[in-house]
């Protein structure tokens, strides 16, 4: 895995408009919805761009004003938009009803411009100027065009020697009723990837083996099983969330083929918005890998981004490198003056 | 046309979720959107139910919480929901960016539950307990299932002697690229209708004849042309909107085969939300017809509802019969204590 | 107690307008207040209607637009309003200043339309079509007319064999300065009731006996004391709230004459609005009784409704049967996609 | 009339909590209400205090936190509160549904602390340190205690030589069903007053004579009729509001026994909140009288305050003397940088 | 004036944070303020970038998070930020209290990072890749460093043959108490400029000559006087605002040395936010010049942008070229579906 | 220390406008900011005035409308403003980005009217009518004028026998880069003070000695060290904040020369706004001292005010003496009806 390439970090995936009810309202009686731009890969892109990397989004946006909104939001975070395709069609939506620490989501992603036109990229040309390629498993659940595009893209990147990070990002509702052949695409991507974001449970689904994740040892075993199954993977990272009667806690783990590192659990003192915390984690870990950080540093930086994201409204971590570096995920309760 | 039937007023059409930007925001930078339930026929239904009529909505709503929201909103206004069909699928949406007196709309109505399942009504049985049947031309633009359902419904109602009101409700963007055969359905519905909501321009499109609507005489001529073209129509009603350098004004017209009545123009002093003012007009006119009011009374009541609607947020007129009757459309600036 | 009757569930009580300050504001500097419709019995009615029961509210509402607001809100939830009386007069109000987990309330319930006209119902006729009758002790604190109406209603229902549920709903501020004769009415209602919502403390006030509620055994003893005191009661249910240094927790208990069942305490991870959680509990328990559920099922369903209510703004639980059944009160922190 | 007295300007009247729906919402579907403190005399008091006068409010406020809110608001504007009485009881409320230029109001003023305890002032002692006494006719419509207090107060002030300004402030809904004897109190107050705020229509009601107010001459004639009827009145002032198809306009008039002055009509370009504009007018006119301004100056200053008030949310004019003096009521559309 | 250069349009000036009270609130009782990023030159930059031009902002922003906010906002609109300097110090602020069509502004621009560090640009190097240079007279009022930088920049641009547009942007409060020498800098910039944004009144101040602007002829005469005074100016453009009793109207004018064109006045039907309408005008005119449009086209496009800006919250026009081209400034009241 | 003086409690310090982002927003993407008036000494003044003391603020406010806002806010809480100086210049600002239990602050306090004109008070005259004098160490960090004024004021008060309370109120960012001479002023004030608000860490900085504050004994030792260092100090009070995995907890301590008292830690169940909780503590402690309360009572009352403040938006505790006395800091989760 060549971390010394020059070029842009490319993130490939769909952008979505998120519409969220206010705290305490239900879908069935909401009078206002907050508007945010989402999409797992774009969340990763935004974090990496804010940390100073040269990042470009590869996506398809409708020609409507809602597409303009997404484009403006990418630019706002410094994500390059030169390769974004505009096409007739719908923008994917999702409705979010937050509910304290949790909530529920209604997806409305049928027949989007992305699902129709995701095949319109010239991957070999893009690979030439790619430093890194990131995508998530959601692409594989959005129909044949998008799934094929994801596999084609990964192959082209792999052929050109571009490191690939793949976030499994399992969403049960997106995968319901999919055929085994379709699910195989997830494994194909994992086979091509160099960095895998996957929990022990994700791994057990990927390699069809039951794994015990109740201890750090069990989690190391899961990582090792994945390493032996997928020959190109160099790094595996994941978060784990726990509820007990003192509330939500989160920990992070980072494995290489040689060793693994796991943080203690950090208490999330005030959940404003959980969505995108996994993407913030992924982005910070990729940044750590690109900068040659140790497993412990990668896990801790990822955890810091994930914890901080819980306190930020919207799908994306917003901040600067200085802020990320000064975030102590285990103590977020000070006022800095 | 038998106004003495008993039973419910049935309104047939799609319900939509409206998402509107705040005043002064643009789609491309909106952070909040107001949520309203729309749909032209449901707006008519809500007004008539609030005036005390027995009204039932005939529609298809998705099984999701967004469908629940629409159902709750119908109930809120006293509209009967016993015959609403629930089905898997999307809820139609539209995005509204108000802009002072005007604004723009982005429709997102593809592949909705209504468009898929509008055929699932037992029209002859419904006709048995119908007092009135109302629908708009929008149904005809929502795909073959919905268009066929509209025509089937109207035929069944006509066969059972149920009076039919039809609001042409022309939306250029919904009709773009439709074939002539499809457009013929609008004329078919007009042929079956007893009450037609159509401006002189709508009439000229319907009967393919150029008409001059610049004067009251010209508008009467348009009505007469429609009466002679469509043998079942007994009443034609419409509003006319004008902008000049003192702002928005609106007038109303009501024609029978014998005579027509036209109100002066009423100034709209403060536009909060224009959408649904035509539906408020239609509902109040239907109420007038059902109560045997004169053309002048119908026009004035319709105008009062339409003017008042401009001052109400959301798609629907909200009020009581007492309020409607005490609204002077030509003087809306008092504080009543 | 006949759970096989047909007819409607009748809920009898006053509706109130709630005006609540925003989080962190005080009454003395609030610039906005949120508007909600409250009233303990209407909260129970709304939950039962949302679960699919045929429910009717028996109340008196002023003829003003504020009365219209309450009526619309009942309809919204599917509660029948055919027997609601409209009369001149005030709507009762209460002001709520939430304060994290707690808060304070200022009542403004003097001389309301309900207090004046609650005697205007024809109870024997209503009893004929009643499946169930629910009321709370608040009626007894609203003046002679309302108190007499409550007792007359219960007698008529009892005479007709309609099961009665009675929620003691003790409010110290409403009972201050009441005479012993007035307090006797609470015991009279408990004597007629089949289902009693009362905590051990409520029971000790009712039967003037000191009871120890610090353990499950003590709570069972309290229930048994009530059973022996009030011959018609078949079921007693209550919640218990606890604060410790990890925050608010809540548990539920359900007793029959034969046995009792008590849930563990569930942590309330994010309190949006505590008001109405007891009513949500009562409604879900009544639903369980009507469906022949076990004591454990009744207690758990009640707890699930109560816990979920804490996360919903306003006085009422809002949802569907499917949601209630899928609520795990001990784990509310997931995002369901 | 002695404008050289020292001491405080006393304003006597009830304070009210105003709860207003957002623009475009109706009472029957409002989710939020804005909270303001109102009360005609307190609005006058606030303007005069902001202009630098020593002003004290004479009122009764409940001991609740809502009473605290009113007290804090008086202090905020610099109105003295040392003589405000606190008593058990309700705070009067009114609900306001603004509707563009107009709107409607629901009063909820029954059985307030003020209505019960307005008799608790020691008027002769207060008169000793009074520079001016202001009250409105609303006091006379709030029950016997308040009406008697108003008459007693005016007599005491008159006896001590304190100038009295009296704003008729006719509210049809407050006077409905009042006996002729009660209405006589308005005339009694006008008999004692030195300054009368009354439109020609008010005057015609006061002196039971039909008056033609369609022209400046007619309006002068009305003033002269009032002067001849009420021997103590030295100044009469009023505004006139007009709607035509370019919107709301307002003009002002000020009469002495010798002469009258009338401003042209000023266009109100953007009505934020009309309530209290008459009180702002009255306050600015009283200030003009106290400072020995000419009739034209009084009319223009009153008009400036009234026009500016239309652009301010809440019941009160808010500003400084410098702002009042720099307001050109005929040109309010500039941006001052 | 060479409109065929390649490179970026450079806009030089300070960015400001705007804090605005809600409609109807006053500074002295505002509880919330809306946050916008302002600055005349950045408003021009944003419009030009949205129309598709390659635009770069030349400014100094503090290293604080408030500086980050400004930078993100520039990126959002597609304005290049590569040459923005970050420095320790304050961000300039202004407080805006809108008041219907007008309002007032409090500036808080002392000792800003821009005022201290505006001298830190390498103008000759920037000139090499400049297609156009835009600045306003505000720079000249921000202290010696900024004023010198503006003159140095213009000289360097002029030396390199870069066309210069100069918006006089007179702000009385910024110029109060400035010496004659300082005012001379405005004339120096006008001498170097190719395009001048100046009203007849601005021109009369610039050339110290009284001019009559009451007619189109008088306005042409003013333009001709400026052309003869400032030899490099090729185009002069301005808007004129009028209030009469039907509200605010706005017209536009564009002059070349050969001819002038003036639009009729367009009614502004709903003023959301007037600030930045002059900058929107300037941006659209510059776009017209760059594309070789006729004087009439430049005036009309500028007017369309200015009228549309009045309906947009914040300091900047937001839209696309398609929207600008479809804006009819004389008819903004339609709903486009 | 003479607690029997008559006169006003004087609080000397700067007022600031606070602009805070909404929960979950970051400075770099905030669209709204909440406006509050802050300033440590004014927070203390407001609490003491609300408890019924005669309190006067000694400060300098700009002549702008923002200064008017601060003045109105002082009046609102009953704080006397007769001695507030108005002067040309800026109002100090601070920007607050809350983040669950913590957050960050950007100060913008350069060159304020206070910093320029704090020297304009006639301290000996003020001392004559002073009952108490309170100030904080922030004055010493605002430049030479303010620091000199603080020392001059304290000397004058001390000379007149007025008790002085001094809150060290250490703000690292305000003290960065200050010379040792400047820091000596803090010690000079501590030398003159009778009541010191200082944590063990503050004490260790003041007396340049390392102290162990991990236990109650260590904290007593710190107090004793301060007592022996500063001969006039009679009382020392402080809060201590702790985070563990169950959230934020706070305890209080009060020491006299004879003895100390320390409360247990109270859990803060819902942090709305932490800012000003130290000032609320200080105010309640001063009230306790003035009323001759025991150390335990002072510590508990201070803790109650500090805990309650966490649940109030804005910089100040808002309430009444009855509320303060009924606050149980260890149990804040009830609803009082």
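By written order: A, B, C, D, E and F. Residues from 1 in each chain.
Throughout what follows, a residue touches a chain if its C-beta (ideal position, glycine included) is under 8 Å from a C-beta of that chain, and two chains touch if they have at least 3 such contacts.
All values reported here derive from a predicted model rather than from experimental measurement.
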Enumerate, in label order, the chains that touch chain B and chain F alike.
-> A, C, D, E
Is it true that over half of the residue numbers where chain D touches chain E are used by both copies, so same, or is it different?
-> different
What is the distance, in whole Å, between the centres of chain E and chain F, each centre taken as the mean of its C-alpha atoms?
-> 45
How many Å are there between the centre of chain B and the centre of chain C, using C-alpha atoms for each centre?
-> 41
For chain D, residues contacting two or more additional chains = 26, 28-29, 31, 68, 72, 76, 246-247
Interchain pairs in contact, sorted by label = A-B, A-C, A-E, A-F, B-C, B-D, B-E, C-D, C-F, D-E, D-F, E-F
In the complex of these two chains, what residues of chain B are touching chain D?
-> 76, 246-247, 249, 267, 269-270, 272-273, 311-314, 318-319, 331-337
Would you pull the chain A residues touching chain E in the complex into a rising list?
-> 68, 72-73, 75-78, 320
Which part of chain E faces chain F closely enough to touch in the complex?
-> 19, 26-35, 64-66, 68-69, 72, 90, 93, 95, 97, 106, 108, 110-111
Residue ranges of chain B in contact with chain E within the complex | 22-26, 28-29, 99-105, 107, 171-174, 243, 245-248, 271, 274-275
